[in-house]
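Which chain is which? They are A, B, C and D, in the order written, and residues in each are numbered from 1.
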Amino acid sequence: MRKDFRMSAVDLALLAVAALLALGAYAIPFGRQTAARPLIYGASAMLCTVLLLLGVAVLAGQAGVSARVLPIGLPWLGSHWGLDPLSAFFLVVVGMGGAAASLFAIGYGRHEGEPMRVLPFYPAFLGAMTLVVLAQDAFSFLVAWEVMSLLSWALVMAHHRTEGTAQAGYVYLLMAGFGTMALLLAFGLLAGPAGDYGFAAMRAAPRSTTLAAVILGLMMVGAGSKAGLAPLHVWLPLAHPAAPSHVSALMSGVMTKVALYGLIRVVFDLAGPLEWWASPAVIVMGAATAVLGILSALMATDLKRALAYSTIENVGVIVLALGLALAFRANGMTAPAALAFSAALFHIFNHAAFKSLLFMGAGNVLVATGQRNLDALGGLIHRMPVTAALMLVGAVAISALPPLNGFASEWLLFQSVLLSPDLPQAGLQIIVPAAGGMLALAAALAAAAFVRIYGVGFLGRPRTDAARSAVEADRFSLAAMGVLGLICVLAGIFPGVVLDLLAPATEAMVAARLPLQAEQAWQTLVPIAEARSTYSGLLVFAFITITSSGSAWLVHRFASRRLSRGPAWDCGFPSNLANSQYGAGSFAQPLRRVLGSILLGAREEVTMPPPGSTAPSRMIVRLRDWAWEGIYQPLAAAINTVATQANRLQFLTIRRYLSLVVGSLVSLLLVLTIWN
Amino acid sequence: MDRIAFDIAHLLAGGLVLVSFMMIYQERLTALLNVFAMHAVVLALSVSWQAHIQHAPHLYVTAAIALVFKAMIIPGALHRIIRRMGIHREVETVVGVGLTMLAGMGLVAMSIVLMLRLTEAADTFAREDLAFALSVVLLGLLMMVTRRNAVSQVVGFMSLENGLILAATGAKGMPLVVEISVAFSVLIAFIVIGVFLFRIRERFDTIDLGALEEYRGENQ
Amino acid sequence: MNALLANPAYAILAIPAGTAVLLALLPGYRLTARLNVAASFATLLAALALFFVPRAAPGPYLLVDDLNIVFVVLNTFVGFTAAYFSASYIGHEMETGKLTAASLRFYHAMYQLMMFGMNLALLSNNIGLMWVAIEIATLTTVLMVGIYRTHAALEAAWKYFILGSVGIALALFGTILVYLAAQPVLGEGAASMIWTNLLSRAAEFDPAILNLAFVFLLLGYGTKVGLAPLHAWLPDAHAEGPTPISAVLSGLLLNVALYAVLRFKMLIATHPDAIAPGPLMVGMGLLSLIFAAFMLYRRRDIKRLFAYSSIEHMGIIVFAFGMGGPLANFAGLLHMVMHSLTKSAIFYSVGHVAQIKGTQQIDGIRGLTQSHPALGWGLALGVLAIAGMPPFGVFMSEFLIVTSTFAREPLLALLLVFGLLVAFGALILRLAGFIFGEPTGKVGPAEASLAPLYAHLALVLAAGIFLPGPVVAWFRAVAALLG
Amino acid sequence: MELIRDLLVQGVQMLVVVALAPALLGLVRKVRARLMRRRGASILQPYRDLLRLMRKDVVLAENASWLFRAAPYLIFAATWVAAALVPTFAFGLQFNWTADLIAIVALLGSARFFLALAGMDVGTAFGGIGASREMMIASMAEPAMLLAAFSVALVAGSTQLSTVAEHMATEAVGLRVSLGLALVALVIVALAENARIPVDNPSTHLELTMVHEAMVLEYSGRHLAMIELAAALKLLLYISLIICVFVPWGMAGAQSGVLAYLAGFGFWLAKLALGGVALGAFEVSIAKMRVFRVPDFLGAALMLGLLGVLLLFVSRSL
């Protein structure tokens, strides 16, 4: 062979994955050594950075689309791997989240009680997620997908002796298996009876729109359950908080995105054209998930659980955007489709950044105070200034406030909602604006939720000694958070850069892209046309900084700059009880009464002591999870009953067993007699 | 073959079915064992008749096995077991004898219908013979299912084996290997049952399976 | 001697038979145990030799073709690892006084006799001989199940024996019927019992008798396969016998019975007018799968738990073969092999676990990864593999079965998926209990031989990631053979 | 030259809004006082208050963090930027395209976010009350606002305020039901966002019903001044937003002459004054409602906004 062998991008990516897996293997014998932790996490960070760069290179057109077939996996098929723009974009997400989490873990991992339950799985988990993104045939995809679930399960079970983890892990793995089955069926349809499991063959095969819709449904179940789409989300708020925080960051920030990758890959790329009527279900499901998720986040008193719920909200937002893209694409409106799709991808990127950041912050808090309960925190901004500042960045970003990145992507999404009148179908014309309203509601509630989380957790006065004696986290953790915070700010100020970067992926999926943003003045976003709508994160940022600092300077220069400290006034009734502050529960009360009572069946039970008694009066809040009560419990009950009934067959007499045999014989003979 | 030979074979095979029925309505173990001995004798007769008309001398061996083992040794052994262990003498049935009889009728009817309709191709005699054999097998099963205590179940099982032998001999020129295997299996079956009765007796005074079945794998 | 070298098949039969006699005479369990291992290994070598020695033409009694090579090699391999495992396991049983030297001698002799029976059943070209061989295997296992002489063991063995012998009878009747169908075409005598002749002329047989025969054979051998509702003997036999025997039962005996069913399925399938065997097998497979899946939830005994999981997997395999077609058959074969390896591996670990914890009760087994990491993770990997998790081989076969079925028969695929999920839930529920949480009972170090366990797991893992070309070609040939 | 002029205009607008905001507040108070048969303080009173506050020391609670001190400037800046981007007396200002209606809503959102955080920073009960109620009100008001913005944007085919205004100025629009609904919704939202009666009472303290005041309770001196100024700016912003969307007549076109600008400015002042008077009159005429009635009030706005949007679609699809 004269043509010399050149390493393509995908080869490099696969090598990086192999290295990650090797790291995991290395951890099994050597993980106990103290030197192992920084080595493993450091190496993972580097490898993830490599993956990140590879993705960027492909998106920027520096490295061509590449593919590689390895002689493993399904024998007659081999395992196909490839790096096209879509994969590259998600490779960027995985690389970014993975690198940050690993860097974070160099410091955070020191506090891990049983490192041997984390170190072997962690790098392999990263590798598996990468493989999902790279896979180009059904079998490799599903193997990688399921291995990803399995390893994350092992990581969730790392703290297997803390109560609640067992149930979390069980529900998680069960839902993962359920999702995989749905994916199996979807791929079964895609492959057809001949069994062409290669993505290329699936893409090529003609398919009726009805069949495509069925596949879409199966994917919504399969990938949706992994991404946390309501009502398949119940495992998520259990499992994500249970894991070590750097793993939570990965699961919430990256793994849900990988799940969405599966959805996008199959629905937009493989399944073929869809009718418009397939999209409303997706849109409604996304909107409902968003509102339900953020409302639950608003009610949760556990810091990490609240973050997990907010992940559900963001997944809902993304799915809503994807549904819009489907609706537009089905009507041949490629430019709006591109807008919605870019919004989805952009939000995926953003959420990966700020949700990882927030979970890391939660991890620092957990280490510093040993507390996840918001009502046990408070005043951390004094004890952990850097963590608090970075958490603030994350909170502002996730609340979709300008000038940070969260707003940029939601703004794009609103723009695409505003294009809905051009849709021909009345049904969509009604649904889309309603969904837009729910989106706005979700955004507003998100702000409320994060004011609550940040205000109760970091501001005010410490509520426990643990919070009073918290100490700032180590520099690795802070560095990782700092990087992510920087990304949030930059992506908010220069959204055009990110959009141009992900344009190839958009083009590949919806056959259109946003106008090139790089040539716009002042980094302005111009999704459709200058006259229609524009937003310049850079200028807004500049204006705010200038005016705020300017006004501050003026005031201090010309008015007064004197300042004295005194006790809080509090309308003349200052109380030095830390519990007199508003807590997580009390902050949520207004919204709990307004929305929670309907959507979450929130009930307050107040027990008043009899007059004269000094016993405290108690208020207990009960929330109901409709999905849990409506779907899962009945299902479990049904299986239980059947199992109990079937179990009688274990306790028959031999004679009865014989009669079973005879019975089946006689019945088969009867079948024969009739069959003749 | 000539008419008379056919009729005799037919008679004997039918007789076997009849004896099976007799076994079903026995109420005392000893009587049951005697009837089973008769069952074996009839089988031996039919087999040897087959040997005669098929000019297959090796079938006489089978007949002999049937006669010696099933008609004499085993009933004797079971008699001794019953005596030694002082098993209460009556057969405990699950459903009334009448019902069992009806079920038996049904089974026989089914097997005959099945066979006669199935095997137009095979020669008439083999067909008749198979029909009877199938009925004997099914009746044996029925007996195992409707009897409570082990001896009668064992008897049912053996009558089932008899049915098999009837079928085997009915099939023309079936190699010796099969008969040997049948005998072999019966032999093994008895060794093992013997072993089991023995072991079981070490623990319980009765071989009534009911006693065994208190414990069924997992405590309920 | 030359004959042995010329045709390894003879060796495969002669070595166990000879060793069985020898073991029956030799005293001292250490020696017998070693001899047992050695003999099993020799048998394995002989089986491997089948690949290299040119195949002898099918004789009146023995036959070597693609189909049974798969089974023979698997059989002898697991037989060897099980013997290796039992060497350490039985030693422990002896020390704890659960077994006497005499019963051990008996045990080893029976072990080889059983191996002989199974190998004979696989290699025999004569349906009568095959029947005899399977009965030998069954009866020897009956004896070994009862070896502990405990109340439970005897009861299990008795149940196994009664149901087994009924199965014997039905299978024999089926065999006679096949002969009866063949006799008009192939003439009287041994000729009409030779498998190869039957297959070549099956199309001319009387379809009606074939149908009847298949019903009896399916039920007769199906009892051994452990298909619901004929399964009753299986859980108790697994639970009460010595663990090596549980491993062999699940890993091998079920396969041998399945092999018989497959042979006759091929026979029926060749006949155009005969009843289609597929639907019957698919139905029984689904029934077994779903029934066993539900039974998993209420188990209190760990070995019985995995016994039911064996029923479940046998259901899947029979389902796959019932569906037929190149993909499904390939998947069925793969699944069978993977199940044998994985399930025996699980039983190896379970055996040691039960010895360490001193109980088979599921409640008594907690936090294994905490107290015995190597053993615990081994068990975990095994259970995850059997639950159909990648990258293990079972996943590949389940992937193929589900996808190929859904494209052809969506409804059946949904039922299949339902059963798989229910079983998955139960297994994971139990697994989490076994390996996580605070350790219960004795946490002392275990003198466990993990080599066979991890050897099997490694094979299953390798198969899930990479199937060598020759193996694939060979499997596909067999799949084509099965039609 | 062009550029310089545009920059100049933009600068003028920025200064004008911040300069006029207290006066508008004063006007509203004056009107209310008058209607209550009181003479009331002069319209310039707010300026005096602000100046006095500016000169006073800041007394900071011990527990206050840097966030508490930075918040006033951030709030002021965000509000000011938002206000500067709403066309007041002329279309097509230099930086109008920096942010559209949605972005302006979001900017106000950021201001509110920091205000609520500041309210919780000291760790007093009142601060918490204010913050939680503010966020509750906001989470109802913001969607309503956005839906109103939707229907406006759908009519105008743009979310760019100056484009919207230009489009509205043309006769092409005519009268539309959805616009009316949007107007009502917007007014309700404006009342809520500016803490006016009936949602909140800007002139109360020591009441468990207070929302905005509760949050700023701990502020003093220059900080309080910045926040008050921001509040005034916000009021002006909302009124001129309503003006420029629903009654844009008389606004100066882009790059028109000085005279046009002056005329536009005059028109704007008049409209602003009218708005102020109307607000005052409205506030006097009704009573404040209980906090937990507020959601219903805002829910109505939400429904109106949605209805407006839907009607628009229906009319289009017909």
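One rule holds in what follows: a contact is a pair of C-beta atoms (placed from the backbone, for glycine too) under 8 Å apart; a residue touches a chain by one contact, two chains touch by 3 or more.
Quick caveat: nothing in here was measured; it's all calculated off a predicted structure.
Nearest to the global CA centroid, when each chain is reduced to the mean of its CA atoms, is chain A.
Ranked by C-beta contact pairs, the top pair of chains is A-D.
Centre-to-centre spacing of subunit A and subunit D amounts to 35 Å, using the average Cα coordinate of each chain.
Centroids of subunit B and subunit C (each the mean of its C-alpha atoms) stand 31 Å apart. Taking each chain's centre as the mean of its C-alpha atoms, subunit B lies 100 Å from subunit D. Centre-to-centre, using mean CA coordinates, subunit A is 44 Å away from subunit C. Shown for subunit A are the residues in touch with two or more other chains, namely 650, 652, 654, 658, 661, 665, 669, 672, 676. The set of subunit D residues touching two or more other chains is empty.
Touching of two or more other chains is recorded for residues 158, 162, 166, 208, 211-212, 235 of subunit C. Taken pair by pair, the chains that touch are A-B, A-C, A-D, B-C.
Here subunit A touches subunit B in the complex through residues 650-655, 658-659, 661-662, 665-666, 669-670, 672-673, 676, going by the rule given at the top.
Put simply, subunit D touches subunit A in their complex at residues 54-63, 65-67, 73-74, 76-78, 80-81, 84, 95, 97-100, 102-103, 106-107, 109-110, 112-113, 116-117, 119-129, 131-133, 135-136, 138-143, 146-147, 150, 153-154, 157-160, 163, 205-206, 217-218, 221-222, 225-226, 291-292, 295, 302, 305-306, 309-310, 312-313, 316-317.
Against subunit A, the residues of subunit B that register as touching in their complex are 94, 107, 110-111, 113-114, 117-118, 138, 141-142, 144-145, 147-148, 153, 209-210, 212-213, 216-218, 220. Listed in rising order, the residues of subunit B touching subunit C in the complex are 114, 117-122, 126, 130, 133-134, 137, 141, 144, 153, 157, 160-161, 163-164, 167-168, 171-175, 177-178, 181-182, 184-185, 188-189, 192-193, 195-196, 199-200, 203, 209, 212-213, 215-219. Touching subunit D in their complex are the following residues of subunit A: 378-379, 381-382, 385, 392, 396, 399-402, 407, 411, 414-415, 417-418, 420-421, 426, 429-430, 433-434, 436-438, 440-441, 443-445, 447-448, 450-452, 454-456, 459-461, 522, 524, 530-536, 539-540, 543-545, 547-549, 551-552, 555, 559-560, 562-572, 574-575, 578, 580-583, 586-591, 593-594.
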